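One chain, chain A, appears in both complexes that follow, with chain B as partner in the first and chain C in the second.
And then the complex of A and B:
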């Protein structure tokens, strides 16, 4: 009788998870494996053989490694850092507000996410363009004599990536920061800590798990970004995802594009792993 | 390691919060080393007073002095206070030892000195052996003791406790009450203890401050509060009571109040002109004597309507006319439905 009782729940549980497995397999794992195999073929080969020629080509060319891969990594890291700072400050500030105001602020932060990313990024092109708001302000106040090039460079892409990933960072951190009881900070004040010390020794350490989660999310989003670099980079800022796209469509070299994709995937995993390891090492160890 | 506490002086404290006066001119003097409780229902303002003395909140007007120093405008971290929270408020990312040592670290003591003093504080609450445990690995009672160690290790002039035992089981509460009292006496710190539990207040305090709706109603020793409440609110809040109202009549044989068709003797009434407003009287359940011999002349006749067995004593609810009189006695042999005579003297509530 107990055998029946045990198998019944696990069977229905398996059935319920099945659709998720099917979708994941069809739409994620199978395409991933297919891309992986593609990356191991050579576009010029007439018959089907597996080779590492694409990878060799990538890593032997400094243009690819130093220019493409490195730029993708450092811009993503910089954008992640900036959105963590902005997102944390914003989330901290919002948790200090009244309940009603908090809901309003949350709504305001989420609003941009309902606007299509392409449209959102195009709006940045308008703002940063020669006749845009920023240049208009700079020229009107006399800071610069004539409009400067704000668009189609690394800074524009950085700006766009921060704009894209900050809402996610904010929402993740807001959830975490809201859970930290005010009493814990008050208790620190009563034993003699100034608000700054209380923040550094009590509040901040307790928000580390949130910073880890938000950082991983932002790193992933930023390293894989496509719309922002292709629109705001204007062809001058080469990004891994954009390069893969151009390889596949313009140059018609699908295997090499696939290799770029796989290298990007591996780099993202490595970056996320290093970030988590570093955060835990630095912040989550005991003092005594 | 006895730390000399300091006296506390609270003068005319008013706290207004969004058009409500949470505190309406509170005055309180606490002597050095005294253990006082602020007693009252939720919302009466007792926690607000504590937070203002701690420096976590600021009064709309009024003064707070610790010793001779006016701390009214000083923030919490510049006052020499220790606060024990209702929900312990231990830092979950630090061990018990680190929790206690944190306040010492802020005072720039050496790491060894911090560790030594923190261990000593934990020893005082018998938790030295659990120093390297995290709060999540400790029981409620143990967490509260760490909180007490954390608040006392920094040698505060004033110890504040905000309903520290409300979150604990009843059986644990009594033990913790004794521990808190013994620590306080050992260290001699001036202590303010906030609670809504009148038994707790009575068993621990040198004096009790009874509050209602932002005002202090009476400040007295537990004994005087119990036998001489200043109004009906205090009479009912502190312990069980039977209340009577009316106009008493003074005759050569004594002063009497007529109620339920029977004259009740009133003890030592104050001088008053006959007539005027109604007076109020009370008698505690355990002051009433039950006479089972119905032929005796003195005492009012009544029928036992309800009996509650309490273990150490018995509560009887006796029907006398319109009224149900609450009697408390150790004799549990009388049954429901039995008739008895109740002998008691009313005390006037003088306020």
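And then the complex of A and C:
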């Protein structure tokens, strides 16, 4: 190692990487360590002492545990599951189109990704609002007598999160599903498997790496949702990221905001780890 | 049988695209309403588009966003390209760790990056500023050019550079005459991608924008809190068209090289 490190190419390599490293260290690593430390300080204490008081406060209050953390977790998991299903269906059928149509489809799916999140969320408000498309349909068909409240609840936030994470799931899965040779499923059909069985025993297991990657991506995106819960939740649906923001800027309680941030970070990593572990356990074990 | 499968396929695909795109199309349609946000539109008017040019705060927010996105892409791409060129020469076990650290902002929620930056600035007693905002944008976007360029460098023949070098070219000449043209296909799409990520960013900006550098997404959201009229739909339509145009340019001219999907 040291022999390599002192050689000429490695020194110029280090010089090239250095600027990025300095920027990340000053603007990311140090601040990150700092909020870790800050989360262990007491906002009311006059001198610097380490304590777990912020975490104790969080975990002893059901408003925070049930109302905030649990809501963030269950909405993120549900949104991830739904976006995996929708994205899988989309990607599966797109790979069955002609090459030219496939690239058009890719372009159309990527379009929303390049559009501002506030604009996309606003478009869902227009769909779900009192004079929105859904209410218009429900009233016109006589299912409900007058417009109902569809916005500003958990379901609206869930819908928004699914809508936001589906394109990512699609693009990740598309790349993987495209690699699976058609012949494999055909072979299973030839030897007498029903289409459903051929899909479940041949195609699906081959697509598991894609489902794992897409799920990890979607979980990460959903757990850090910010704009969607603010706009579609209308202040009534609190979310970890939003709570951290309000605690830091409105309430000005930096240590507690740091603790909320740390808990969100730990929860995100834990959720991603558990998801990968469970997927491998269930699908990539010996019976396939 | 095959025919039925095709119908099923098309139905699923239409539903899928509808789910993703219909809300945006409805928003575009709503923008031509003369009075209220309604769908289908009640009448036709383009007056809300004219309104955009009369709203001082939106024009200045667009300017702020544009400058920020431009500066972010320039800085982020330069740092990313340099790091990618360095990573190529780095060998051994250490290189994996270095790369993981350089890409780490991708694996952290953006809200954590923003929160951390905000807290340390506030604790040190510094006012949030354009510079802080810019650096936070650079942190969350830099992994993309790094990844795009690294992918392109993977099938790059370094003998081309060695040949130039052996003919007496200076390293700087080699970079501009040989290396850069060869990786251009990944640098320009990375620039566009970072521009769009910064231009659209909300989570990082809300923490660090302060009052003197309000970006367009922040301005739009602030406006939405008090007003819900077709103006926001018209403004959104302009933004949708702008985004679609940038994506088209990126896809049309750089194709697969640009298909680094962003988080």
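Here is the rule we go by: the second predicted complex is superposed on the first by the 261 of 288 C-alpha atoms of A that agree within 3 Å, B and C clash if a C-alpha of one lies under 4 Å from a C-alpha of the other, contacts with A are read in each partner's own complex, and residues count from 1 in each chain.
The rule we apply is simple: a residue touches a chain if its C-beta (ideal position, glycine included) is under 8 Å from a C-beta of that chain, and two chains touch if they have at least 3 such contacts.
Nothing here was measured: the structure is a model prediction, and the numbers come from that model.
The partner that reaches more residues of chain A, of the two candidates chain B and chain C, is C. In the superposed pair of complexes, A:205 makes contact with chain B only, with no contact to chain C.
Of the two partner chains, chain C is the only one touched by A:107; chain B is not.
When the two complexes are overlaid on their common chain A, residue A:197 makes contact with chain B while staying clear of chain C. In the superposed model, A:184 lies in contact with chain B only, and not with chain C.
Residue overlap on chain A between its contacts with chain B in one complex and with chain C in the other: absent. Those residues of chain B whose C-beta lies close enough to touch chain A in the complex are 54-56, 75-77, 81-83, 85, 87, 89-93, 95, 97-98, 101-103, 106-107, 115, 132, 150-151, 154. The touching residues of chain A, when paired with chain B in their complex, are 181, 183-184, 186-195, 197, 201-202, 205-206, 286-288. Interface residues of chain C, counted against chain A in their complex, comprise 9, 12-13, 16-17, 19-24, 26-27, 30, 36-39, 78-80, 82-83, 85-94, 98, 101-102, 104-105, 107-113, 115-120, 122-123, 135-136, 138-139, 142, 146, 196, 199-200, 202-203, 206-207, 216-217, 220-221, 224, 232-233, 236, 239-240, 243-244, 246-248, 251, 259, 261-263. By the touch criterion stated above, chain A contacts chain C in their complex at residues 1, 4-5, 9-10, 12-21, 23-24, 26-32, 34-35, 38, 86, 89-90, 93-94, 96-97, 105-120, 122-124, 126-127, 129, 131-133, 136, 163, 166-168, 171-172, 217, 220-221, 223-224, 226-227, 230-231, 241, 244-245, 248-249, 254, 257-258, 261, 264-265, 268.
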